[in-house]
Amino acid sequence: MCRLLAGHPNLRLAGVHANSSAGRRLGELQPHLLPFAGMEVQPSDAASLSGYDVVVLALPHGESAAIAGQLPAETLVIDCGADHRLNDPAAWARWYGGVHAGTWPYGLPELPGQREQLAGATRIAVPGCYPTSVTLAMAPALAAGLAEPDVVVVAASGTSGAGKSAKPHLLGSEVMGAVSAYGVGGVHRHTPEMIQGLGQAAGGDVRVSFTPTLVPMSRGILATCSAPLRPGVDAEAARAAYEKAYGDEPFVHLLPEGQWPTTAQVLGANTVALQVAVDADAHRLVVVAAVDNLTKGTGGAAVQCANLALGLPETSGLPLVGVAP
Amino acid sequence: MCRLLAGHPNLRLAGVHANSSAGRRLGELQPHLLPFAGMEVQPSDAASLSGYDVVVLALPHGESAAIAGQLPAETLVIDCGADHRLNDPAAWARWYGGVHAGTWPYGLPELPGQREQLAGATRIAVPGCYPTSVTLAMAPALAAGLAEPDVVVVAASGTSGAGKSAKPHLLGSEVMGAVSAYGVGGVHRHTPEMIQGLGQAAGGDVRVSFTPTLVPMSRGILATCSAPLRPGVDAEAARAAYEKAYGDEPFVHLLPEGQWPTTAQVLGANTVALQVAVDADAHRLVVVAAVDNLTKGTGGAAVQCANLALGLPETSGLPLVGVAP
Amino acid sequence: MCRLLAGHPNLRLAGVHANSSAGRRLGELQPHLLPFAGMEVQPSDAASLSGYDVVVLALPHGESAAIAGQLPAETLVIDCGADHRLNDPAAWARWYGGVHAGTWPYGLPELPGQREQLAGATRIAVPGCYPTSVTLAMAPALAAGLAEPDVVVVAASGTSGAGKSAKPHLLGSEVMGAVSAYGVGGVHRHTPEMIQGLGQAAGGDVRVSFTPTLVPMSRGILATCSAPLRPGVDAEAARAAYEKAYGDEPFVHLLPEGQWPTTAQVLGANTVALQVAVDADAHRLVVVAAVDNLTKGTGGAAVQCANLALGLPETSGLPLVGVAP
Amino acid sequence: MCRLLAGHPNLRLAGVHANSSAGRRLGELQPHLLPFAGMEVQPSDAASLSGYDVVVLALPHGESAAIAGQLPAETLVIDCGADHRLNDPAAWARWYGGVHAGTWPYGLPELPGQREQLAGATRIAVPGCYPTSVTLAMAPALAAGLAEPDVVVVAASGTSGAGKSAKPHLLGSEVMGAVSAYGVGGVHRHTPEMIQGLGQAAGGDVRVSFTPTLVPMSRGILATCSAPLRPGVDAEAARAAYEKAYGDEPFVHLLPEGQWPTTAQVLGANTVALQVAVDADAHRLVVVAAVDNLTKGTGGAAVQCANLALGLPETSGLPLVGVAP
């Protein structure tokens, strides 16, 4: 998000706050943020955070509500964490534990009716990176009745999705030249968020089997999603549903027929690249979506939501072209 | 396979044959084959191929039969191509076109009853790399009735699976930092081979939805497979079925509980690493398998089959440990 | 460059021209250029190129002059090729062959006096990617007399530096997991350009030993340069010379002491990250520079030069922050 | 080394010892060591280490001597650490601090006269990974008087060279897509070891300017070395010196003219690939060498030394072919 703000015509990075890094220069921690290298990291308590027009939180789950509650109601608070994404307190209790902190408008403007909820909002919950890709990939199919609400997702993610804490299995030596699965069998915490988003699209219960895999790249998610085809649905009908859903969207691109998404084409951009296919033999609809987990998957989505909430042009400061090859 | 033969105690690389490269030194074409660098590539017609005890073919599909037909019946001929893998001439005609050249014993000794067919055989069809991983992953589940015969596979493959011909989308600049899907919607030619192998395990018709993806590494396949769980099947039953199927296999390893496969652990080795999970919410059985597409996925499988056919120890000359980290 | 123009406030991508790709859609050739996907590639003859305010050429060497000669004198022509970089016709004849097409203002504004030559220019030669990194790395040292004019450079480049033509040794399978040397022994064509730039800084003859290596990443150059230390030069003097040279430059960043450049911090940005050290035991000055070969190394440099030539703010439309991690 | 022992005909991995990991299964820590997955890690005190024929140490520097001193004199002890590599106690004190523990025979059999010292030895110091590549690259040039003893080295290393401890800058997200320099300015601890080895070859003092860089791959070192050419030395003389030095060596390969080393060709193998060039313009001899830092750079060297010390065939159990492409 700091990278995006460096080129944003209307928003300015006015301060950076953190706990353990307070007092250090941003350039030591994030050497690529050359224009902000001398900025000193400040403490992250609520008092230190007062006085901003926009506050973006990226905290371990369970910690956003306490801070947000101490910020003025008119301050735009955007939470990149999970705390305010789920509607169902029981789902929160099962997947994260403890008491749910309440639901905020969900920052995925491309879902039907969602953009309106974000205009003028002062509290916004940015979606998880996997749910962004999966929900945008399958919502049109379920909304249009192309497929049964029984979705299988295998997603490949770059390693930045696991954050910056140093764990042995995330070392370069371990991840380069290697693909691995993790969180298999329905235990990844992004699952209930997908179920919620796709359930709204389907207008009913949805099953999601979700398997994340780690691939040797820094950024990017490729989500391969499929569901049993409803009778009579062919490739033309499928394509038409996606064209209708996303034809006017600035950030979601249904690729030309025959072209399949690659994460390279969205690297650093706030875009989603999508393609849809019908497998008549296997009786399944298959949708593949690519996003940059740190742009449209988090930091770019936060900027997009801020733009909407503040009445700026939605695309302001958001790259449309990936850094490829 | 040349790499493996350099360390094989019973087999010796006696000659290399090719069309367009005939007359060149092997060291020019494959600089890593240092001990064979001075070996001259010879023509690949049947006459030039006579006089060997074992001939291994790796040709475009449709070309193996003509050459194999001119080699003595007692010569062991191992085909790494697709020509003799499928049982059904109609499947051949649909997926490859033309007239089927006949079926050879299928070189996947870990399938029930298959090892016996390979002992003493003189014609062997090595499986495709994707079918090796998928068939070994799902056959025990279907044979034991753990899951419905309606399999969804998303497989991540290193780029060596696409061969050595120079195509723009396989350039390093395009594939590094990028994951992409291809052959989506049930159009990959390895699909009928999976259907055949899994159908034999299930004892009936099987549906397979197969989506291959290309990931930024040279070698390796990680196949994530799932199917609807049959009633009453739990994690214990699933694990027991896999332990029974592979407990005595030297090359197929069911990992300890909680550990998930990574392609790094099988790099350069003739092994398969497997894990199985039950997703009770999504009602699916999930199995993940890792293989090195150029070892257990092709060249190592060819050596394993040669060992069996010639009455050598099955593990002779075959690495059990991947080159990791 | 197309990527950068998509976000440039003053310049607009008005057309794309090529020979063999004429008639195709840009989206087929460069799928990441989503906003320009439908733009049709036009022919690249001089007649088709008329009518633009700015024309950027990226042609095989020897082909720029013929086209540029047919464009109006007042059109800004920026050549990304080598044709007009060298001052010495003999150097041209030795390294490229044939007759030199004449010298254009050299598009490296950070060299002393160079920015003034580019303001209002209508013909500009963009430097090669390696010479950009090496010249910016060593020019201050030679100009300030910190080191002898006997420079040793080993540079690591991502594979996009080799272009988009499909050659077997550039396949992903060959380059991933591999570092290799090429053009060793003083035969790389960027050498005379380095000698020229550094000779101007040194005010006399300079020797350059240049070894390029190919590393497994798409973009980026890390140039490690060194030269024999002049007597009495210490770390403080060295740092002072670089601070003086680049303290006011928007795109060249001398890193804080103790921090060394990484190509990740300049990925997609028009910046150069530099650091300098004195090795008293080996009697050498060592300078390391990182650039993105496709941004500051080519496309970004072209935009920067266009900004200067057209009287726009020099930093207009040019990212300052790399896409990291 | 465990990987290599799995396929060694004469040596057997009889036990694994460590401090913090004692009591865990090897398969948890190193999942690729499938055949040893159930082996329990034992404590690493000297008492626990008694009873082996061969003990291989890989400890932080300064800790080997205490343990080795408690092992019987007739036990073969191979130290992969730095403790016993340097001859000069003053060099030890400067670079590592404290009192030097004494010098052991240096485990680089390819140096003149060194093989004889290792036959029957019971204490051996395995060289560092960088010194192996640099010493083998430049020793013949200095011994034959091809170049001045003023060597410049820039080496690219895969990240496994930095070990398995989890540090933020070694995370996959940081190293993928990135090349960086570290230890610049003559501060890397492998420098005195290079000076020692090359000094013995030169028969006098040698200067070494050494800059290591980190590249996005797991394993491998490519060392680009150069030195000022002595008068009258041409390419033929240079090649002849290297052919003479390494013509009979099983593990060091001077590549055919025109071919340059790549780390891929030695991946997992105990080999070194070398090439030499003369740059008449820059008056320098350039030598490039590729090794696998974890095989010929450490674990393979330990096996090679054990073979020699125990009177086994020197090549026993050591792969000659890299795992490429």
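Labels for the chains are A, B, C and D, by order of writing; each one numbers its residues from 1.
We take it that a residue touches a chain if its C-beta (ideal position, glycine included) is under 8 Å from a C-beta of that chain, and two chains touch if they have at least 3 such contacts.
Quick caveat: nothing in here was measured; it's all calculated off a predicted structure.
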Chain separated most widely from chain B, comparing mean CA positions: C
Comparison of B-C and B-D (more C-beta pairs in contact): B-D
Interchain centroid distance [CA atoms averaged], chain B/chain D, Å: 35
Centre-to-centre distance between chain C and chain B (centres being mean Cα positions), rounded to whole Å: 45
Numbers and ranges of chain A residues touching at least 2 other chains: 160, 164, 171, 173-174, 176-177, 216-219, 262, 264, 267, 324-325
Residues on chain B engaged by chain C in the complex (per definition of touch): 158-160, 162, 164-168, 170-177, 216-219
Residues on chain A engaged by chain B in the complex (per definition of touch): 152, 154, 156, 171, 173-174, 176-182, 184-186, 191, 207-211, 213, 215-220, 222, 224, 226, 260-264, 267, 275, 277-284, 286, 288, 290, 324-325
Interfacial residue positions of chain A with respect to chain C in the complex: 2-3, 6-7, 25, 27-28, 30-35, 37, 160, 164, 176-177, 218-219, 253, 255-256, 259, 262, 264-269, 271, 273, 319-325
